Structure formats: structure tokens, C-alpha cells
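Common to both upcoming complexes is chain A, partnered first by chain B, then by chain C.
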Partner chain A sequence: MPTVLSRSALTSTAIAVGLAAALVATGSSQALVIGIITGAGYGLVALGLVLVYKSSGVFNFAQGEFGTVAIYALYRVHDKIGVPLIPAIVIALAVSVAMALVTERVVIRPLFDAPRVALLVATAGVALLAISLELWLGEARPRFIQPALGRLNRLSLFDVAVSDQRMLVLAALVILAVVLALFFSRTNLGLAILGVSQEPVATELMGISVRRLSSFIWALTGLLAGIAGILTAPVAGSFAPGFLTSTALIPGFTAAVLGGMKSLPGAFVGGIVVGVAQSLAVSSPAFHSIPGAGSVMIFVLLLIVLTVRPQGLLGRA
Partner chain B sequence: MSLEIQPQASPAVEPVADSIAVEVVSPPFRPGLAGWVARGVVMAAVAAVVFLVPTVRGNVEVHIYTQAVIYAIIGLSLNVLLGYTGQISLGHQAFVGIGAFTSAYMVTVQGQPFLAAIGMAMVVGGIQALVLGAVSLRITGLYFALVTLAYGTMAEESLFNIQKLTGGSAGQPAPKPMWFTTDLRYYYLCLAFLTAVVWVDWRLMKTKGGRALAAVRENPRVAATFGTDVKVYTLMAFVVAGVFAGLGGALLAHNDTFVVRDLFNFQLALVFVIMTVVGGLRNRTGVVIGSAFFSLVGYFFDKLFSGGLHVPGIKVLPKEYAPIVIGPMLLLFTLTRHPGGMGQRIRPIQRWLRGGRFSSRDTHDDPTSSGGERVSDVRA
Partner chain C sequence: MTRRPSKVAAARGAAVVLALLLAAACGQKSNVRDSSAAPAAGDATAGGNPGGGPAGGSSAATGDTVATAGGAGAAAPAGASTGAAGPAAGSSSAATPGRATSPSGGTSPGASPGNSPASAAGPGSAAGRTPSSAAGASSGGAGGGGGKAAGPVPVPAPPPPGGGDRTGVTDTKIRIGIHAPITGAAPFPQNAFDKGKDVYWKMLAEKGGIFGRNVEVVFRDDQFNPSRAVQVCREMVEQEKVFVLLGAAGSEQITACARYANSMGVPYLSAGVNEDGLTGLSSYFATSQTYAQQSPVLVSYIANKLHKTKIAIVLNNTPALNETQQSVTREAQAAGLNIVRNSRIGKNASDSELLSEANALRASGAEVVYLLTSPVNFIKLATNAQAQAYSPIYMGPGITNGLNIVAEAGCPAIGSAKFLSPFPQLDVIDNLDPDYQKSYQKYNGGKGDDIGLAEWGLSKVIGSMLQAAGKDLSRQSLVAALESGREFGTNVYPLVSYSGSIRFGARSSHLLEADCSTRSYKTIAQFTNGF
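So, the complex of A and B:
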């Protein structure tokens, strides 16, 4: 694992630095900074998607809703009931983990031997069920939320003023990336998950229960989605039913495809690439005449990767 | 030596073989006169509901029935993808929406006749499916789902906002064609289109391509070994699905006489998928019933619980959310517990109507049982 990590890490750092240099040189540093921070959120979603895909071979279309549920829980517990922020965040994350675990137990496990398309339809069904419950029990119109730190711009990156909320998001994502890297390379559980995702049969033969790990992987993806939801909703300023599905699911999938659907660092870097590309498309004057330029950009990016480099940016053919 | 033994052995074997043969080829079940009359009555009753009930209902209700017929066309389109190729489109709202806007644009802006507009919508639908399919079939797996999902969002946020083509948020008028200006006449027109779609679907599955798709579904490796070009036949199915979706969209546009972009959202795409799976993959009657059910559920939900369903202790469930609350629950139930969907439930009835016994047991010589009926028969 360490060799794989360093190899992909090197390549991805090289790509990221090259991209950043090019953008700063062309004077698009605003788009760059915003794109990196949004993209890191996509990267989190993509990490969860890749984890599930590697361990059970299914595209999890409910990933975005795991995160939206956390936002709704946080809003309920913190703003309505008045629980302090930190315990409220813990509760919210617990809710998204619980939702992921219930999904695994009720939907994924009965379909363990079913074809992959049945699983895919099932996860899409879970997503729609969550959205409909949010519409029914919550409210259909967008809710506005106050960022935890206000909208002060005390710090700047590449001469771009960045709101404290965005800085918080960036810091949280960097810490999370380090923690995840350590988890996958240093702990038995992390190594077992990597084993399952690379060689399920061999891992089973080594005495590791693939089914039990499956629950854990789903819990982890729920946690990642929950963190992504809680971090990105205040930056967006408002949320509505299906928030993370509509904002981050497709970019997340594109990021995962950029990473070849297999590599965890690749997915995270893919997220940043997608975020920067999207923010360039939205801010660049050349695309102003195109409505919805951001989603056009992501669609085109997905098509290009699938046609030109289906094994992903960092993958080997 | 052996030549002398053989004539002795064969008479001893043959009677045994005969007695087995007699047991297997039992005389086929044929209903008596009363049985045929009963079947005729049931068929006449179904036909009466479909053809006559709309004549005595108001225009608002006929408009909704027409929508149910159009949903059935869309459901059959998804059935081609999901049932025959095992691939899934999560952007079907875009296929349908583009069909609707194409037809509206052709009639309203270009002043073309209705049939030309519908033809154009079908061509555009087929081309879209071909291009997206060609890209996503480069890799094995379910990438068509991803590509169509991204395509659907792109269409929602970008294509449907192009003022010149769609009229922006105001929408585009799509008048009903000549001779079919009343809701009732348009209903019969849509029924005729549905019949055509069912017929085309049925005939296509009997062609070489249809049998190839069945072979690919049963076992892609074996099919490829026998020289079946998996990709070409899958792409063919994609095009058929795209054409059906374009037709469905165009009919939907002229039914509403006005196309608004907000109709074609992600939730709609998922409702399309749900109605097909719950209806029962590869069972045309099941898909038609499932689609009609999900098209009508909101309306009849409102009639049953006017003002919404009052769940004790929780908020009222309003009618516009009824399909998307009920749908996913039925979907998950269908997938995990009852993979045949509604199609499996109605199969005994279908068998009985065709002059067989009323039994849910599959027999090998039964033509209605061909093609399997479980969602989990589909291979990725």
C-alpha cells in the first residue's frame, strides 16, 4: 500500500501543482481557490463512492442523500431544539451513519447475490425515498443557514480573500485527508478494507469477513457523506431537499471516474480537478452565454474521460 | 457379436421410452365453452374500461388517462433498456423532455405538421441514446447510468434554459394536432401509438437482434463466444429506447398543450425507473399497468384522501408527493422481496386469458413464461 500511495500521491501532486501554476499565471486564482475548496467536498463524496464501488461493485446513488440527511438532522437538533453545535454535529453524523447502515442491512445485503443493476436501482430508490421524506416532513423551499463563523474574510490564498467558513472547510478537509491516509495505511481495519476492495476472495481466505466489513464500509461512507454535507451546506448558504444529490453527486461520480473508480487518492484529486473545472466554467466570461455552464462542463469532462482515458487519470491501462 | 445383441435389447427399451413419453405429452389443457365465455367476458370488461370509461368522464380526467397511456410508452422504453440490456438510464426525464421540446419547437416555431414533429422527436431521441450509449459502452459496467444521470442534469440546467428552443421558464406551446383537438380523441390517438409501440417491441424481440439480446442477458460470455456482437445489439436497444422516449415526450407535450421545463426533473426520472421495475421487467402488460399506476396514483390519492393523507402524529402527506413517497417503498419491496413485480402477479391471469389454467407455476412449454421474470435475472 505505501508504494501505491506514494506513486499516486506523487503523480497527483504533480498534476495539482501544474494546474495551480497555470491558473495563477493566467489570472484565474479566484476560480482556483473556490474550485479547490468546493472540489475537496466533491472529493469526499467521491471517496465514499469509490469505497463502496470497490467493495461491493455498486454505484451508490444514495451517497448524496446520506449527507443531506445529516444537514437536516443538524438543522433540527441545533436550530430547532437548541443542542450546542458540537454535540449536534455528532448527532447529525450519527444519523447519516445510521442511514447508511440501515441501507446496507435492509437493501444491499438481501441483494448480495443479485446483479449489479438491481443494486444500482435500489440505491437510486433509497435516494428518492430520502428526498421524498425530506420534502414531506421538512419543507420544499430552500432553507437558509448562518455559517458557523460568520462571513469574515481575514485570510487570503493567492491574493484571494477567503471567508472563514471556507477556511474552516479547507482545514477540516486537510485534517480528514491525513486521518484517512493514516487509517488506510496504519490500522488493521483500514488494511482489511483495502484488501477486500482489491482481492475479496483472498481476503476472505485470510479469515476476514467480507460481509461484516461491508457494514463497516457503508458506515464509513455515511460518515464521509455526512461530513461533506455539513461542511458544504453553510458555504452554499442554503439547502433544500436533495441538496447534496443535486450539487455533489454527479461531480463526485465524475471525480471517481477521473480516479478510475479504483484509487482513493485518485478520487480525491479528481474531486479537486472537477471543482476547479466547474468554477472556471462558471466564472469565465467565455462561457457566460451558456446557461448552466457548470453542469455542461462536468458532463463534457465525464464524456472526455470515458472516451479518452476510461482507466482514470492515474490508472494504468 | 454386438450386432446380434442390439435387436434383442431394443424391444426391451422401447416400451419404457413410450410410457415416459405418454406421461410427458399429456393432452394440453383446453377450457370448455363456459371457460371461453368467461374469458371473453373478462377481456370485454378490460376493453370496456380502456375504451368506454373515458367517454363518460370529464375532460380533466381524460387528460390524466392520456398521461397514463403516455407513461406506459415511456415505461416500455425503459423496459427495453433495463429489461432487455440490463443497462439503466437515470436521465430519462431528459430524453422525454427533449422529445417534448423538439416536437413543440417543430410545431410552434417551425410550423411543421404534427406527424413530422413527432418523427423528428423520435429521431432526436434515437440519436441521443446512440451517442451516450456509444460513449458509455467503451467500458464494461453500468457507466450508462452515470452518463445519463449527468446528461439529465445538464439538460435540466442548460439545454432546457435555451430561450430560443424551449421558451425558457415561460415554456413552449404545443397545440394538439388537427382532428384530435379534444381530450377524448387525443386519448384514442395515444392508445393507437401505445399499441404500435407494444407491437414494435414484441416484433423486435422476435428478430435476430432480440434473440441476441436475450442470449447476451443470459450469459454475455457464451453469447460473445457464439459470435454475437454484444455492443452492436446493446446499442440497437439503446436507440429503440431513445426513439420510444422521444415519442413519449412528444405525445406528453401535445397532451399538456404546453411544455414547461420544470416538469422534467430528476425525481421524474426516478419515477420512470420505479414504474418500470415495479411493473415487472420484460412483461409488457406489467410495465403498462405499473406505468399507468404511477401516473394515476397522485390523482386518485387526492380523490381518496382529499387534502392529503393524514398520518397520525406526522405531517399531512400531500398528493404531489404521493408517487415519490409510495414509489421508492414499492421499489425496494419489489427488488428485495418480489423481483417479478406486478408482472409476476398478473401472469396467472394472462395465462388463463390465453386459454391455459389459472396457475402461477411456470411450465417450459408455456409461451408466456419465456424470457424469465426476475429483476435479478439481469446481468450487469
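So, the complex of A and C:
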């Protein structure tokens, strides 16, 4: 495992450096900075998608809504009720974890032996239900929450101001990707989770509770989604029902596929690559005549990866 | 675990689900219908005033509607909205031939300062309420003149033969359909919509309705999506059998629905948006100034009031807005403004697109950003610009960016943004139309908001038009009444008139300015068509 991690890290670094050098050389340095700081949000969502897929082979389409629910919870307890920020964040994360656990217990576990496609559709159903509940309880109006870090101009790269909150998103992505990669490669629990994903029966026979591990994974993915939502909503300007699903799920999914679906560093790299590609598409004069060039770019990337290298940049065939 | 499909197959399935999910994320609350719209239909009316129209003594609000239809300078006295105006209703159809003349010439510089809605009836009084329309000759240009004869001349609807298409009309009810973006990229609180959509009709019902008929509103969420808009319009026309369709906001949705309505021969009215795609539709009528008509107003404000010279133009990237981009570019150049950036952004722009745009705007040095995007894009763009230490003055035409929910969510990033609007804000409505808050309080038990006000104003315009169509209401008689050239004024929406060739006949707009200390908009100019 350490070898795999090292190889992944090396490949990630090489890709990132190569991409950055090319963009700076071609005068797209601003697009590079914007792509990195916006791609960090996609990477955070991708981490959660990879985590669930890596451990259970399920595409979790409710990932975005776990995060959106956390945003609403934070908005409610902090902005409306007046709970201080830190306790409010803890409550919001607890809400997203609780939602993930309920999803696991009520939807995933009964379908554990069903085809993966059934689980995939089931998670989409959870997302739809969550969006409907958000609309019902929270109305469709755009809402705004203040960033935890308010300073806007501490850092400027290539004439693009990078706010502290955006730096926080980027730092969170890096830290979480590394910590999770180490968790899966260096800890018994991480190895047990990988074992469950590959040989659940054998793992069970070894005395490891598959169900308990499943709950743990879903709680963790709920936590990741909550972090993604709480960190990215303030920089986005406003949020509304379905916020993370509509803004970050497709880019996050593309990032996860790009990274190899099972590679946590890959999710990190994928998020950044998607962000930079999208940023290039929307800022380049060559694409100005194409409506929705950023979205087009994401689908083009997805298509290329799925057809040319389905195992992703950092995945193994 | 044993039946796990290959990664590629699963990814394909995932892509399909993603598409479904994305659609869902854009909104779910559709198919909201309220059949409780007007109270007790004709029952209340029956005893009171069958066919008589809103009897005299109706409040200013009603009175003006009637007087509008009545037209002919006789009704002109401002403030005369009351009693005397009433009878005009019934006779309106017949009373107006003389007014069919120059709808676009419009607005004489009359001066009656009264604020009676009845003003709309007469040229003089109309101007009284619209000081700027008096000045209209100056900057009015395209917009101020009210109405722009566009390319192909619409085929006028046949005169009412006494029969006509009476779909959606009974002796006691008129059913109308409204679509608006409750969800999607321009989300509005549904609760506010629900509360506001019937207030005017309930008030009117208590006064006898429209020739004894009360109005029932069928409402649908178009999800800010033109395909969905056509779908809901089709439902309202073919299943709900509405008499007339109304579009509340959203240029693409309005264009799509208007074209569908035209193909079905259903009258369609909306707040003014683009003209491309709507010009030539015989059943379409704009109740307020189009974006192109608003361009000279905005440019004159930038040049003469703000005294700024460097402007950027940012619009949603939809072909429907090409003509708007051309018009504002032309007007700005004519006014000697320096257009430092002229760009389009996606309708559902991503975070990186908005950040890139904000950065490009800052680099351009634009002092004023002319903006025509959805509220969500506006708020996100302003937030990203603020994060780049860039705070220009945002200005634009439109219907939705001047709503208080935008200031609520967008302050402080939006600064002192200024947007034209077909309706004023709450700070002046008590002066313009005291009935709004009273009625809202009466039927909903609280203070009316600006979304309710927008619906109130639109309902008033429609009410006056239905009144003008006469007792023998049919789709043909409605179109004929609209094309007759008479003026419709409400003291909320601008004065408007049409003819066989003019479908964009509004003369003025209100200018709203964000006040971030109260997180709301205030009205800084009423019924203006230039500065």
C-alpha cells in the first residue's frame, strides 16, 4: 500500500506540475488560480463519492444533499437561532452524519445484496427526497451564510485575490485527501473496509462486522459532505435547495472518475483538473461563442476518461 | 457484492441518474394550483351587479381599471377613479374608438400630479402619474415612446363576432393561467407567490368581479426552464382550459410559452422581456417595457445621473438576449460611454465561470456593470467580485433582480445596485395604490411583500384588460380590446397601450435601488422613461 500511495502521489504531483507549467506558459495563469480554488470544492465532493465507492461499490448520488442539509442546518442554528459559529458547525455536521446514517440504515442496508445499480438509483431517490424536503421546509429563495473566515485580500496570485475561505477549502481538501489515503493504507480499520469491499463474506468470517463498517463509512461520507457544504456555500454567494447537487455533484463525479473512482489522491487531483479545465473553458476567448462552455468541458472530460481510460488517471486497470 | 457490474457500465448508469438528479435539483415544486382563488365566484356578484361591471364607488384600485378601459379623456380627471369611473367598464368596448390612434406616440405631457390610477384613461392624466413620461419625448427614444413597431406586422385577431372562443369563461368565472420560476436559477419563495396571486382578484370579487365574473388563477412553476415552461403552459391550456396565459418572469420561458400560446390562439401577456422571438406573435402583449426599451433609460441614468463613463455589459448567454445586447451597446455608444467589456455568462453559471467573470470585470475597470442575468447569478457574481475587492455599480433592466429577496441574500455584495422594474417597491406603494396593503392585510393577515405587489400590479393590468373586453368576453374580444389602442393604467404597472402592430406598448418603468442597511430595495424614480 505505501508503494501505491507513493506512486499515486508522484503521479498526482507530476500531473499537477505539468498542467500548471503549461497554463502559466500559455498565459492562462489566472485561469489556473481560479481553477484550483474552485476545483477544491469539487475535490471535496469527489472525496466522499470515492470513499463510498471504494468501500461498497456504490455511486452515492445523495452525497450532494448530505452537504446541502448541513448548510441548511448551519443557516438555521447560526443565522436564525443565533448559536455561536463553532457549536453551530458541529450541529450542522452532526445533522449531515445523521442523514447519512439514516440513509445507510433505511435504504442501503436492506439493499445490500441487490445489484449495485439498484443502490445507485436508491441514493438518487434519497437525493430527490432531500431536495423536496428542503423546498418544503426552506422554500426556494436564495439564502446566504457568512464565511467563517472573512478576510478577502490576504493573498493574491497572478492578480487573482484568494480569500481566506477559499484557502480554507483548499487546505481542507489537501488534508482530508492525505488523511484518508493514510487511513486506508496504514490502519487496520482502513484495510478492513477495503476487505469488505472486495470480499465481504471472507471479511465477515474473519470476525469483522460488515454492517458496522458500512455504518462507519456512511457516517464518514456524511461528515465529508457536510464539510464540503459548509466550506463552499459561503464562497458561492448564495444557496438554495439542491445546492451541492446542482453545483458540485457532476463536477465532483467527473473528478472522481478522472481520479480513478477508488483513489483518494485521485479525487484531489481530479477536482483540481476539473476546476482548471472548467475555468479555462469559460475564460478562453476561443470558447466564448459556446453557451455553457464550462459544463460542456466537464462532460467532454468525463466522456474522454470513460472511453479512453476508464480506470482514471490514478486508478488501476 | 458478487454481482457488481463493471465500472464502465455502472458509470453509464450513473450518468443517466445524474441527469435526472440535476433536473430535480433545479426544482420540484410544480403543479401548484389554487382553485380557491376568488371567493365564491359569482354568487356574491350575482345579487349585486350582474354585468354592471365594478359598480361605482369602487376603490381607486378598481376604479382606475375601469376608467382605463373607459378611456377617452373624459375619464381623465385624476383621482376620479371612484364612482364615475365605474360605468366605463361596461361601455368601455364601445367607448374608445377614438383612442385607437397613436398608442406609441403616447403620453402627452399632461401634468396632473394626482396619483389616481384613473389617470390612465386620459392622456393628460396619464402623464400626471408619469412625470417622466411627460419628458418622454426626450430620452424616450425607443422605450419611452412606448411600443415599438416591430418587423412583421402581427395578424390582428378577428373582431368578436358575438361568439368567439370562450374557453375558460363561464357566467361566473374566468380562469387564467400563470407560470413563473418558483424553482431553478431564479427561485422565488412559493409561499409569497401563493399568498399574493389572488389578493387583487379577491378584492375585485367583492366589488362585483368583472361583469359578474370572478377570476380563478391556475399557477404553475416553470422551473426557469423553457421546456418545462411549454409543458406547464400546455397543461394549463389543454387540461385546465384557461382563458388567457400570463408569464411572470424569465425571458426564455416567456418566449417559449408565448410561441406555444400563439400556436393555440390563446392570448398571452407577460412582463416585457426580449422582443426577438415575440415580435409577430398575434396573441402576445407585453405589459411592461421590454429590455430593449429600457436600454435608453438605463444609459441615460448612467450618463446623466451617475456621470460614469466606463461600463461593462454582462448578459445571460441565451440567443433571446442578442437584441438586448445590441440595443444597450448601441445606446451606450450613442451616449459616448466607453464599453470596456461586453460578455455573456451561462444561465446556470458555475463558480469558476462567475469568478472568472468577476476577475475580468475588475480588470476591465468598469465603473458600472449593466447586468441581465438571473438573480442567483447576479448574487454570486457580486459576491465573487467583492471577493476580488471590486464593487462596481450594478444596473440593469428586468423584473426579478429588484426584488427584496435579492437584496436580502445579496447584500452587502450588491452594494447600491439599481434595476428598472415594472412595479415600484413597497416604500411608495401606499402613495401610489393604498389598496394593496389594505387588501393584502385583509386577505392574508399580514404586510404585503414585493412579490405580492408584482402580482397585484399584473393582476390589475389584466383586470382592466378583461374589463375592456366587455361583457361578452371571448379571446377575440380581448385581443380586439387590446388592439383598439386604448390605454391601460394601474398606478402600479406603467401605462400601456397596443395596436394591431404594436405589442410592446409600455411607456415607462420604476427605478429601484438596493439599500443594504435594510437589505431591501427602495424606489428612486417612478414611472420614468429617461433621465
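Please note the rule applied: the second predicted complex is superposed on the first by the 290 of 317 C-alpha atoms of A that agree within 3 Å, B and C clash if a C-alpha of one lies under 4 Å from a C-alpha of the other, contacts with A are read in each partner's own complex, and residues count from 1 in each chain.
We take it that contacts are C-beta pairs under 8 Å (C-beta built on N, C-alpha and C of every residue); 3 or more make two chains touch, one makes a residue touch a chain.
Just so it is clear, the model here is predicted, and its values are computed rather than measured.
Because the two structures share chain A, they can be overlaid on it, and in that overlay chain B clashes with chain C.
Of the two partner chains placed by superposition, only chain B is touched by A:A118; chain C is not. Considering which of chain B and chain C touches more of chain A, the answer is C.
Of the two partner chains, neither chain B nor chain C is touched by A:A46. Of the two partner chains placed by superposition, only chain B is touched by A:V126; chain C is not. Of the two partner chains, neither chain B nor chain C is touched by A:I227. When the two structures are aligned on the shared chain, A:L137 is found in touch with chain B, with no touch to chain C. Contacts of A:A255 after superposition on the shared chain: neither chain B nor chain C is touched. Contacts of A:P110 after superposition on the shared chain: chain B is touched, whereas chain C is not. In the overlay built on the shared chain, the residue A:I34 is in contact with chain C alone; chain B does not reach it. Only one segment of chain B in 42-50, 240-248 or 258-266 runs into chain C in the superposed model, and that segment is 258-266.
Overlap of the chain B and chain C interfaces on chain A comprises residues 57, 59, 61, 113, 115-117, 120-121, 124, 127-128, 131-132, 135-136, 242, 245-246, 249-250, 253, 257, 291-295, 302, 306, 310. By the touch criterion given at the top, residues 57, 59, 61, 106-107, 110-111, 113-118, 120-122, 124-129, 131-133, 135-137, 242, 245-246, 249-250, 253-254, 257, 290-296, 298-299, 302-303, 306-307, 310 of chain A touch chain B in their complex. On the chain A side of its complex with chain C, the touching residues are 30-31, 34-35, 37-39, 41, 57, 59, 61, 64, 113, 115-117, 120-121, 124, 127-128, 131-132, 135-136, 139-144, 152-153, 159-161, 163, 166, 197, 199-201, 232, 235-238, 240-242, 245-247, 249-251, 253, 257, 261, 275, 278-279, 282-283, 288, 291-295, 302, 306, 310-311. For chain C in complex with chain A, the touching residues are 1, 3-5, 7-8, 10-15, 17-18, 20-22, 24-29, 182-183, 187-191, 317-318, 343-357, 359-360, 363, 375-376, 379-384, 386-389, 405-406, 408-410, 413. If you check the complex, the residues on chain B that touch chain A are 82, 86-88, 90, 135-136, 138-139, 141-143, 145-147, 149-151, 153-154, 156-158, 161-162, 266-267, 270-271, 273-274, 277, 314-315, 317-318, 321, 324-325, 327-329, 331-332, 335-337, 339, 375-380.
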